[in-house]
C-alpha cells in the first residue's frame, strides 16, 4: 500500500558552512513506500542533508522536492507531509510522554476526541502506555527514541525522516525500533529516509542504500546490488594440522585469488558463487582435513572500503 | 605528610589551570565583588551623613572591607561549586581512588581557592584605590585585614566543600551560597552596628562576622579594634568548618 | 495563532513550575534581600530629603525588578536548553508560527513574574507597607511588575537565541545585574552623592522602572513617574521582542 505518489528527489543539493562544504552536490531519489538508508561516518553530511530535506536548513544550491513540494519554496507544505525524529531525542525532560504528544498534536491542529484517541493509540503502538504519564527525564534511551518516533507520526505523515534513530540504544531496543520502522513502511506505505552509521541497520532495514562520504554520494543501490559490485565471497579454511597449510594454499589457489586471513588459516576470494561445494569436495578428494571452513559474504563495510579506500570504522576516527 | 602535600599541590595546579582556561568560571566571581563595590561605595556614600555614623575613613573604605570579605567568602564558595562539578563528572571519584592521602584533596581545593581569590583581591584593591579609597592603617594593620580575609576565604571553601562532598551535585549550589550570603548580610553591611535597629541589630550583635567585619574596618582606618576576638572567632570558624569538610570527605568516601 | 501561543505558553509555564529548584531560589532570594536591606538600610531614612520613613516601602519595588531579572534567566536558560536538545527544531517542524513560538516561550517568565509580584506585594503588605495609591495602585504595581518581567524575560530569550547555550546566557547576566545595581535601587537619585554614579543612574532605564513602581507605593499618583516606568518597560519589551524575533529567524532558518 503506497500513500503518497511522490517520494524524495534531490538534484545537485549543496550546503556550504563558511569554508566547509558539508554537502557537495548530491543527487538522490527515494520512491514512495521505500526505506532508503543513508549511510556514512560522522561528519559525512548525513544530518545536513536531512536538515535540508526537512526544511530546517536552506540549501546553498541545487534543488530538492519532498512529497512533491520544493523544500526551499514550499516549506510549510513539506512540513505538513513529513514526520521527523532528528538525531537528538529532542524531548523536554519535565513533560510527560502524553503531554509531548498532546502538544505536538495540538500544534498540528488535531483536537478533542481525535487527539485523545490518537495519543492512546500511538502510546500503545510504541509500547509506552504505562509510562505515558511519567516525566520524560525518567525514560530510558530506548523509551525516548520510541516516544520520538510516536511524535514524528502524530499527524500521519507520508514520509518519515529518521536521523540515526538507534545511536546509543541497546540491541533489544534497536531491534524493536527496526521492527516498527519496517512495519510502517510495509503495512502503512510510509516512505522512510533513514540515516545511520551502522552497516547492519542499513543492511537489515533499507530497500536501497546511499553511501555518503565527504558530502558526496559515493555509491547507491540495494544492499545486495552494492555487495555484488564488490563481488565475490571469500572462503577461509583452517587446516586441522598446521603442517598442511602449504598443501591447503596450493589447493585453494585453484578457486580464486589469495586474500587476507587469520594466522593459521588461508583464504581466497572465490571466482564464482557456486564454488564453495567444489572447495569442500576438493578438500575431501585431496584428503585434506579442515578444522574450520568460513564463507564471508561481502559486507557494506567492504563496499565502503572499495568506494572510499577506508573502512567505516576508520572513517569515524578521522 | 609529603604525600598529602603532593596531592594538594597537584590538585591545586589542575584547578588553577582549569580556571585560566575557562573564563566563564573566573569572570563572574571577579565581576560580582566589583559590581557590589561600585554599587555600595558609589550609590550609598550619602549614608556617611546619617547622624551617628562614626567611621572616619570614608565610605569607600567602609564598603571596601565588606566587599573584600564578601569576595573572600564567595571565592571559597565558588571553589565549592568546582568540587561539586568534579563529583558530577566523575573526576573527584578518580581522585579518591588515586590519592594516597585523601586529606590532600581538601588542601588542594583550598590552595586553588586562595590563588583564585588572591587575584580578585588584587583587582578589587586597585579599583578601590583608583576610586579614592583612603587607607589610615599601616602595613601591620593591612596585614591584619588581608589575614582575616584569607582565613575567611578558607572558611567559605571549607563550608562549601563540606556541602559539595555530601551532595556531590552542583544542584547543591544554592545551599552553599545562601547561608554565606545571609551570614554576611546579617552583619552591619551599610552602616556601623550602632546605627542598626530592630531585629537586625539583635542578630548582628550576635553574628561572629560582625566582629570580623568591624575589626577589618578598624584595620583600614588605622584604629584596630577587637583584634584578638576577631581572629579568635575566625580561627574557630576555620576549625569548625575543617571538621565539617573532613566529615564531608568521609561521607563521599562512604558513598563510593 | 492565539491557540499556538497558548499551547507554547502552557508548556513553558508547566516546565518552569515543575522545576522547583529553578524557581524557588529566584522567588525567595529577593525576599531575603528585602528583609536584610530594609532593616540594614533603615538608617538611610534619617537622611534629609529621604521620601519616606519606611525603607521597606522604598525598597519593595526593587524586589519586583530583581525577581524579573531572575525570571529572565530562567526563560533564557530554558530556551537555550530547547536549542541544545533540538526541541526547538521539533517545534519548527510543526506549523507553529515564529511569533507564536516567541510570545509563548515568554509565558514561563510572565507566569513566574506574576507569582513573584503577588508574593512580594503580599509580603510587603503583611510587614506594614502602606500603598499610597490604594487598591487601584496595587493592581497597577502588579501590571507594571508583569510588564517588567516580560521585558527582561524577552531579553533572556534573545540572549538564548543569540548564544544557543545556557552557559552563554548565564555569562551575560553579570551585565544585567550591573545594570540594576547602578540605579536608584538603594537611594533616590537626588541623594546619590557620587556624581558619576548619579549620572549613570539617571540615564539607566532601570531607575525609571523602579521609580514608577516606587511612586505607586510611597508618593501617590505621579503621572510622570508612571509614564516613564510604563514607557521604559514597554520599550524594553519592544526592543527585546525585535531583537529576539530577528535572532529567531536566524536560529530557526526553516524555509
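Each chain carries a letter (A, B and C) given by its place in the written order, and its residues are counted from 1.
By our rule, contacts are C-beta pairs under 8 Å (C-beta built on N, C-alpha and C of every residue); 3 or more make two chains touch, one makes a residue touch a chain.
From a predicted model like this one, the values you see are computed outputs, not experimental measurements.
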Label of the chain whose CA centroid is most distant from the centroid of chain B: A
Which chain has the mean of its C-alpha atoms lying nearest to the mean of all protein C-alpha atoms shown? C
Leader among chain pairs (count of C-beta contacts): B-C
Cα centre of chain B to Cα centre of chain C, whole Å, reads 30
Can you give the whole-Å distance between the Cα centres of chain A and chain C? 49
Between chain A and chain B, what is the gap in Å from one C-alpha centre to the other? 56
Note: in the complex, chain B contacts chain C through residues 24, 27-28, 31-32, 35-36, 38-39, 41-47, 49-53, 171, 174, 178, 181-182, 185-186, 188-191, 195-200
Spell out the residues on chain C that touch chain B in their complex, using ranges where they run on. 21, 25, 29, 32-33, 36-37, 39-44, 46-47, 167, 170-171, 174, 177-178, 181-182, 185-187, 191-194, 196-197, 201
Show which residues of chain C lie in contact with chain A when the two form their complex. 3-4, 7, 11, 14-15, 18-19, 82, 85-96, 252-255
Partner chain C, residues of chain A touching it in the complex: 54-58, 71-73, 75-76, 78-80, 82, 84, 86-92, 94-95, 99, 103-104, 106-109, 135, 151
